[in-house]
Each structure stands twice: as structure tokens, then as C-alpha cells.
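Both complexes shown next keep subunit A, but they swap its partner, so subunit B is in the first and subunit C is in the second.
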Partner chain A sequence: MNLLRYYLRKVFTVLRNEVLVLPSRIVVLLFFLSMLLIPLVVDDPYFIRILVLTSIFAIFAASWDLLSGFTGQINFGHALFFGVGAYGSAIMNQHGLPHWATIPLGALVAVAAGLVVGVPCLRLRGTYLALTTLAFPIILLGIVFAFPGLTGGELGISGLTRLSTSRTVTYYIVVVIMLLSCAAMWKITDSKIGIIFHAIREDELAVKAAGINTTLYKLLAFCLSGFFAGIAGGLYAHFMRIAGPSTLEVQMSFQVVIYSVFGGIATIWGPVGAVFILVPLMEFFRLWPEFRTLMFAFVVILILLYMPGGLLPWIRNKVEEECPRCKIRNLVTRRVCRVCAADMR
Partner chain B sequence: MTEPFLQVTDLSKRFGGLKATNNVSFNIARDEIVGLIGPNGAGKTTLLRLITGILKPDAGTIRFKGKNITGMKVWDIVNLGIAGTFQNMRPFRRLPIIANVMVSCLSPRAMKTGEWVKRIEAKAMDALEFAGISDMALEKASTLSQGDLKRLEVARAIATEPELLLLDEPFGGLSPAEADLMAQSVKRLHKGGRFGRLHSEGPAMIIIEHKLQQLMRIVDRVIVLNYGEVLLESSPEEVVKHPAVIESYLGKGDE
Partner chain C sequence: MIFDIVITSLIKGSTYAMLAIGFSLIFGVARIVNIAHTAFYMVAAYCIFYTTTQLGFNPILAIFVAVILVSLLGLITFKLLIAPIREHEAAVLIATIALAIALQEVMMILFTGDYRSVPPLVPGFATIMGVKVFYQQLLTFVSVLVVLGLMYLFLQYTRLGLAIRATAQDREVANLMGMNESQVAMLAMGISVGLAGVTGAVLAPLSIVEPHMWNHPLAMMLAVVVLGGLGSIKGSLYAAFILGTAEALVVFMIPAGAYLKGAVALSIMVFVLLVRPAGLFGVQFEEER
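On to the complex of A and B.
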């Protein structure tokens, strides 16, 4: 009982001193809570379906950010990992494995794909790397069409087992995996590994000269990114109950780049937020089907013109500012820093 | 007979038609500070980059503590104990200064004592303290001046706890007074010991520098390069009097 009281008090202290002091952290808290509570309030199948798809794409976008935003290995073929995850779990599901095994195994296949892409790409950088990565999903698409016996060709593999027969349970499976994956990715980028990823993006030679095996870390970035994108792919395949060539299309690869750049790269939370703004917005634009893509493009271009760092970092910088002395973020209205009491004016 | 600490034998590197270094050979002992001087384009930086493994030599061998390190990966060489700085500073501009140094602290060599994050930050802080920019630790590296970037380069190099430190113009961009201070701290580093949580092995050093006044005060021996070849290898007192050095630095007099 005392232990329980201790932990409750601890949670309460963290909440009061760390979370409720910054708007961005309050937003994250509200996001977590609302994602977990929505099905208790809303029971509209269409709405739930959009939220599930959005969650899947949020994992996908965050995984692109982990690779390209942090280590600067610009990947224009990220659909490869998504597609490999989807096809991998679909093929295994076809052979009788249940979905709780196929999704992680599919993600492991995507890790292998990360190695396959990563090793030849180690020697490339910048534009050359981006163009080379663009080719990989197209190659795999060719392979998919070449072996219709295994992959179902243009029709894909359909009739996969559902994540769950209940809509609410499906929602919770996907959303909890999404929240956990995004938290894990954020934690990775906030660790020692994250510092090295940042540094590789800034200047790879200087990282080598600091005694860090950059090859290892770049491959690690490819594998981690592939793993999370593979999870997204597996979830997508099981949710849609089909793994088709559309998961490997160029459009998929570019969508994720648009989401990330829109939300602010090298943040993890930026792309996640962007997906939760853009995917529902795209659904909303279905009211005017002829102008849907046009309006979408207009919104994206407008944001990128006026907020080149991405929408969410821009908003965050408007409501919070760094203390000039200790670099801790503070609410913009504060006169003195909440930690070091330095003058914020 | 024991192996020399660093042994460079017949090292050659060409860039197209230009022989950047040509059959350069020298040895360095464990407890030496060696100055490397010569006019612009003499191949000093190329030589340093060959030793740190950033460039691969066309011919010749480099042996460090009896081990052939020619053609090894840059990070392997660093983890053996050779750290170098860049002449044109290459900080991670969008990272805070302390994170710049933490990258070096995360190398296997610096990590081998098995430290956890808080210690690494403390160690990075001590490296910055040594270089004299610890008060700016949380600023972005892009806000630093040229002189402070030099100090950051030094801090990053010593954070890997090297046994051989290669400094490429460490006094460049510093005022004479600051250069004097830097020279003193380099000398202090060479003596070894602990600087806070940062351990110094008392590294041997090769220093490239044009500010001869500060350089000559701290070095034991000077190697003069010209057109990619070793012109002279001698004590600092003799080097500054040597006619060939005066000629290559100041030009030939009329008389």
C-alpha cells in the first residue's frame, strides 16, 4: 500500500513538474490519452478505420525519420520496408502462422531488407544515395510480378487472418503498437545512439575521426528503420487483409517523405503529428473529390514555404522558448526560466 | 631492439600528377612533441591525414607500436590511440558543443572503462574545460568563432584519450595571447595525468603550425617538409637558423 502511494506520488510529481509545464508535453499526454480513450466514446466504424490506418502510417513515417531525418541517409524507397513487411507476414500467414507471429517475423524480414539496401548504399551519399534507394522497391515490384505463384502477382495475397474479430480490439492492438513503437523510436534517438546518428548526418568523416564505426551505425539505422516500417507493413497487411503491389509503389515512398518534411524532420514526433493531421485532412477533402489532391498539395506547399523547419517545430517554437542560459524549454510567457531562474527577456 | 613508437617508412601519396608526399620517413618516440613545418602545399596536412587513415598511401608503411596500420579504417586507428584534428574545422554544427565532444567520448577506446551516460557528459565537460570553452557547452557549435572551433577540435581529439595526438594548426585563428595559453595547455596535456574525469595518457604529439614562436617553445624536435619531402629533421634551435628553412619560408635574399 505504501509502495502504491509512493509510485502515485511520483507519477503526480512528474506530471506536475515535468509534463504540465510545457504545452508540447501536454499535447503529447493528451494525444496518448485520447488515442486510448476514443473507442469508449466513438463507435463509428469509418472513424475507427481512419484512425487505425493513420496509426499505421504514423509508425511508417516515424521510421523514415529515424533513418533519413537523423542519419541523413535520404531514402526515397522506404516503401520497400513497408512492402517487405506486408508481403513477408502475408506469405507466412498463408502458410498457417498466426498474426502475432507473422508481424514480428515480417519485420525481421524487413530488417534483412534493410541490410540488403544498407550495404550497397554505404558508399553513396546525398543525391546518389536517394536515387539508388528509389530503385529498390521497383526492383522488388518486378520480382513480385515475376513469381505470381508465391506473391499473387498483381492481385497480391488476400484473405489474411484479421488482427481480431472485434473492431475495438483491432483498434487497440494497432494503437498500442503505434504508441509503443513511436515511444521506442523517440527513446532511441534520445540516447547515445541518437547523438551518433545526429553527428553522422552533420559530418560523417568527423564521426569516423572520433573513433566511431560509422558503417555499423549506418547499418543499424537501416535495420531499425526497416524493423519499424516492417511492423507497419505487417499491421497494414493484416488490417486490410491483403498484401498487394500497392504497398511497394513509388507513391508510398514519397508520401512518407511528404509527411516527415511537413511535420519537421529529425524529431520523430513531427512526422507522427503530421500523419495525424494530413491523413484525416485528406479524408476530409473527399468532400470535394475533384480537388482533393490539389488542395492537399496546396496545404503542403504553403506550410513548407512559410515554415521550412516543418509545421510542428514551428508551432512549438511559437509557444515555447529556450532559456538562454540552461537551454531548458520554457513557456513563452514566463519571465524567468523554470529551472535556473535566468531572465528570459 | 624495441620498435619505435610511430614509424613512417617511405610514405608516398600522389594526387594526379602532384606528389603530395614523396618517400617520407621518420620515427617518433613515445615521449616526444614533434613540430611539422613547411611552406603551404608542402604536404604536411596530407602526411597527417595519411597517418590518421583518412587518406590511403600509394606506397610506404606506417607502424604504430609495432603494428602495421597502413590502410586500416579511420575508426580502428583512432581506437588504437591515434587522434587527429582537422585543419578546416569540421564540427557538428547543429549539435550543442558538448554533444560534439560526447561523440568522441562514445568511441570504444574512450568507453572501454564502461561508463554510463552521466559520466560521459561529465567527461566531455572536462575535455571542454581543458580546451577552455566549457562555459559555452550548451550553445550550438555553429555559434562558435574560428578560434573556439580550434579549441573544440582539440577537445574532441583528446576526449578519445589518445597516445599519439596529431594537431593540425591548433593555434590558427587564435590571438598571440590565446595561442600562448593553448601552447601551455598542450604542454600540460603532454605531461599526462588527470584533468577532472578526463584521463590523459601524456600523448606523443605531432603539431603542424605556422606560428613558429609558440611552436618552438613546446616542441622537442622539428621536421621540415618541402615539396612533399623531408628537408630537415633537427632540434628547434637549429631549425630556425638553418638556411634552407629560412629560404623556404622567407625566400632567398639578394646577397
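On to the complex of A and C.
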């Protein structure tokens, strides 16, 4: 009982001193809570469906950020991992495996794909890497079309088992996986590994000189990113109940890059936030079907022209600022730093 | 059969060469990765379609109108869209992707998604060694050679060409020598997009004109540019014909080859990159720090 009280008090202290002092943290907290509570309030099948798809793309976008935002290995073929995850779980599901096994196994196949792509790409850097990775999903797409017996060709593999027969349970499965994997990615990038990823992007030579095996870390980034994108692909295949060639298209790879840069790269929360802004916005534009994609493109262009660093970091920098002395973030209205009491003006 | 393959690979190769050289030019000069490059090619094809079939222009006049319009469009996008965010490489990338999608959608709204075809400039065909060769195909090949020759002369023997080459070699020093870097970049953008426009104009009669026609050439163009070595115009030329031949061989030799053509060509690129990470003719730049 005492232990419980101790933990409760600790949670309360952290909440008051660390979370509620910064608007960005409050937003993240509200996001987690509202994602978990929405189905209790809303029971509109269309709305729930949009949220599920948005969550799946949020995992996908965050996994791109983990690889390309953090290590700077710009990947233009991220749809490869998504497609491999989707097709992997679909083929296994066709042979009788249940979905709780096919999604992780599909993700592992995507990890293998990450290795297959990562090893040759280790020697390439910068723009070469970006343009080469674009090729991989197109190669796989050609193979998919050439062997319709295994992959269903242009129609894809359909009739997969549902995640669950109940809408609410499906929602919770996807959303909990999304929250867990995004939190995991955030934690990874916040750890020592994340710092090394940052350093590889900024100056690979210096990281090598510091005695760190950059090859290993770059492969690790490819594998981790492939794993999470594979989970997204598997979830997508089972939610849509079809794994088709559209999961491998160039548009898919570009879309995830758009989400991430729109939301701000090297943050994890940026791409997730961007997906939760842009995907529902796309649905809103469904009111004018023929102008939908055009409006989307214009929104992206306008945001980039005025906030080239991404939308969410821009907003964050407007409401919070760093203490000049201890580099701790503070609300912009504060006159003294909340930790070291230095003058903020 | 063999002659079929030769003709197809020459046409494909010269198209990819034109696209890739335009792309290389702007990348070399301004380090801009212009994903919308092939979207401009699509716009030019639509210009030809509209001016010849709807307005009844003379095809030669139509080509000039299309190229000028597309180059102007390129200059405007550079000024309004790319120049303000040039320091952020990722932002430029996204901006050009978004631009390509926007152009595709505008064409979709203006002309619907129907497949269109453009009548050939020169109708008729010759039979060479039992293979039908359309005059339009020959014209495409010849005009590509002419344009590439003019590009070479322009880059080697004019003051602007010199400025472009100098800026490609070292932006800062070129700027110090009194070349207006942003102006050179803008002109290079105009020329590069103009080349895309010429490609679209001469190729429109040979292909189906539709809003998604930029997707496949984009992947192939990027493969060509990477295979040849980024920013190397000579490399792009060789790589274009290598990949064009590979595509033609796959289409004619392998059953279900039409699906695999992109896959095989891109696999060749990946394998070459494994051996030479900077492409065939690329120079491994000292790592910029």
C-alpha cells in the first residue's frame, strides 16, 4: 500500500514538475489520452476507420524519421519495407497463420529487407543513397507483377483475416500498437543509440574517429526502421484485408517523406503529428474530390515556404524557448528559467 | 527482332539521356534535386496535345510554344518555390515532389485522366530490314542528338556556359569571381526544364499522354543519373543508353518482360553502384564537412 502511494506521488510529481510545465508535453499527454478514450465517446464507423488508417501511417512515417531523419540516410524507397511487411504477412496468412503471428513475422521479413537494402547502401551517401533506394520498391514491384501465382499480380492478395470482428477492438489493437511503437522509437532516439544516430547524420567521419562502428549503427537504423515499417505494413494488410501493389508504389514512398518533412524531421513526434494533421485533412478535402490532391500539394508547399524546418518544430519554438544558461526548455511567457532561475530575457 | 531491339533502345536511351542531362545540369550547378523534372516533361506533352489537336497549331510551332511555356514555368517555380528554401535540402526535395503532384493534378483537372494521343509530326514509316520504323522515331532520335550537340557547344563555347560549368565546379569561388550564383542557377533551371520540355515535345507522339506519365521516366531518369555519376553529363549519356538497351532487351527477350523492364534496369544500376559507389563517371567528392 505504501509502495503504491509512493508511486502515485511520484507520478503526480513528475506530472506537475515535468509534464504540465510545457505545452508540447501537455499536447503529447492529451494525444495519448484522447487516442485511448475516443471510441468511448464516438461510434461513427467512418471516423474510427480514418483514425485507424491514420495510426498505421503514423507508425510508417515515424519509422522513416528514425532512419532518414536521425541517421541522415535519406530513404526514398521506404514503401519497400511497408510492402514487404504487407505481402509477407499476407502470404503467411494465406497459408493459415493467424494475424497475431503474421504481423510480427512480416515485420521480421521487413527487417531482412532492411538488411538487403542496407548492406549495399552502406557505401553510398547523400543524394546517391536517396536516389538508389528509390529503385528497390520498383524492383520488387516488377517481381510482384512477374510472379502472379505467388503474389496475386495486379490484384494483390485479398481475403486476409480481420484483426478482430469488433470495430472497437480493431481500433484498440492498432492504436495501442501505434502508441507503443511510437513511444519505443522516441525512446530509442532519446537513448545513447539516438545520440549516435544524430552524430552520424551531422558528421560521420568524426563519429568514426571517436571509435564508433558507424556501419553497425547504420545497419541497426535500417533494421529498426524496417521493423516498424513492416509492422505498419502488416497492420495495413490485415486492416484493409488486401495486400496489393499500391503498397509498393512510388507515391507511397513520397507520401511518407512528405509527412515527415512537413512535421519536422529528426523528432519522431513531428511525423506522427503531421500524419494526424494531413490524413484527416485529406479526408476533409474529399468534399471536393477533384481538387483533393491539388489542395494537399498546395498546403505542403505553403507550409514549406514559410516554415522550411517543418510545421510542428516551428510551432514549438513559438511557444517554448531554451534557457540561455542551462538549455532547458521553458514556456515563452516565463521571465526566469524554471530550473536554474536564470533571466530569460 | 534484333533491329527492333536496336530501335527501341536508341529511342529509350535518347529520351532518358535528354531527361537525365537536364536533371544533372541543375543538380550540378545548384545542388537542387528536382523531382518535378519529369512532371515538366508531362506538361510539355500536354501543351503539344492541346496546341496541335485543340487549337490546330502547326506541329513545329507547337513545339516552340511548348518549350518556351515550360521553361517559363520552370523559371517561375524556381523564383517562387525553390529559391526561398534552397538552404534546406530536404525542404527542396519535398517542395519539388509536391510541385510534381500539383502539376499532375492540374493536368488531371484540365484534361481529365483519359489517355490521349498526339498525331506524329511526320506521318509514315520506312521499312528497314523488315522492321517498320516510323519517321517520328527517327525524328526523335535525330532531334535528341541535335539538342545534345547544341547543349555541348553552349556549355563549352559561350560565356554563360562557362559560368554554368564554373558554378558547378565550385559555387563559392564562382561567386567570388563575380558570377551571380543565384542568377546562374536560375538560368540553369530554365535550360534544364527546357530540355525536359523538348523531350516531352518530341516524345509525345510516341507515347500515351496522361497525367501519370511522369512516374516511370522519373525512376528511370534517377537511375540513369545515379548510374552515370551525379552531375556528370557524359556519364548520364552513357548510362542512358545502357539502361535503355537493358529495358529494350528485357521487353523483347523475356516473357512478361514489360513488367520486369524497370526492375531489371534498376537492378543493373544497383549492381554497378556496388562496384563503383559514385557511378560510372562520377568523381567521389571529398566529404563536405
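Simple rule for what comes next: the second predicted complex is superposed on the first by the 345 of 345 C-alpha atoms of A that agree within 3 Å, B and C clash if a C-alpha of one lies under 4 Å from a C-alpha of the other, contacts with A are read in each partner's own complex, and residues count from 1 in each chain.
Basically, contacts are C-beta pairs under 8 Å (C-beta built on N, C-alpha and C of every residue); 3 or more make two chains touch, one makes a residue touch a chain.
The structure displayed is predicted, hence computed values, not measured ones.
Enquirer: Which touches a greater number of subunit A residues, subunit B or subunit C?
Expert: C
Enquirer: Once the structures are superposed on A, label A:K327 by its partner contacts, choosing first (subunit B), second (subunit C), both or neither.
Expert: Only subunit B is touched by A:K327; subunit C is not.
Enquirer: Once the shared chain is lined up, is A:K192 touching subunit B (first), subunit C (second), both, or neither of them?
Expert: Touch partner of A:K192: subunit B, not subunit C.
Enquirer: Looking at A:A79 after the superposition, I want to know if it touches subunit B, subunit C, both of them or none. Which is it: first, second, both, neither?
Expert: After superposition on chain A, A:A79 lies in contact with neither partner.
Enquirer: What is the contact status of A:A146 with respect to subunit B (first) and subunit C (second): first, second, both, or neither?
Expert: Once the two structures are laid over each other on A, A:A146 reaches subunit C alone.
Enquirer: Report for A:D203: first if it touches subunit B alone, second if subunit C alone, otherwise both or neither.
Expert: both
Enquirer: Which of the two partners, first being subunit B and second being subunit C, lies in contact with A:G211: first, second, both, or neither?
Expert: first
Enquirer: Once the complexes are superposed, what residues of subunit A are shared between the subunit B interface and the subunit C interface?
Expert: The answer is residues 203, 205 of subunit A.
Enquirer: Within the complex, which stretch of subunit C touches subunit A?
Expert: Its residues touching subunit A are 27, 33, 35, 81, 84-85, 87-88, 90-91, 93-95, 97-99, 101-102, 104-106, 108-109, 215, 218-219, 222-223, 225-226, 230, 256, 259-264, 266-267, 269-270, 273-274, 277-279, 287, 289.
Enquirer: Write out the stretch or stretches of subunit B touching subunit A in their complex.
Expert: So the residues of subunit B in touch with subunit A come to 52, 54, 73-75, 78-79, 83-84, 86, 90-96, 99-100, 102-104, 106-110, 117, 120, 138, 156, 159-160.
Enquirer: Where on subunit A is subunit C touching in the complex?
Expert: The contact residues of subunit A facing subunit C are 74, 120, 123-125, 127-128, 130-132, 134-136, 138-143, 145-146, 203-205, 250, 254, 257-258, 261-262, 265, 290-291, 293-294, 296-298, 300-301, 304-305, 308-309.
Enquirer: Could you list, by residue number, the parts of subunit A that touch subunit B in their complex?
Expert: Spelled out, the residues of subunit A in touch with subunit B are 191-192, 195-196, 198-199, 202-203, 205-214, 326-327.
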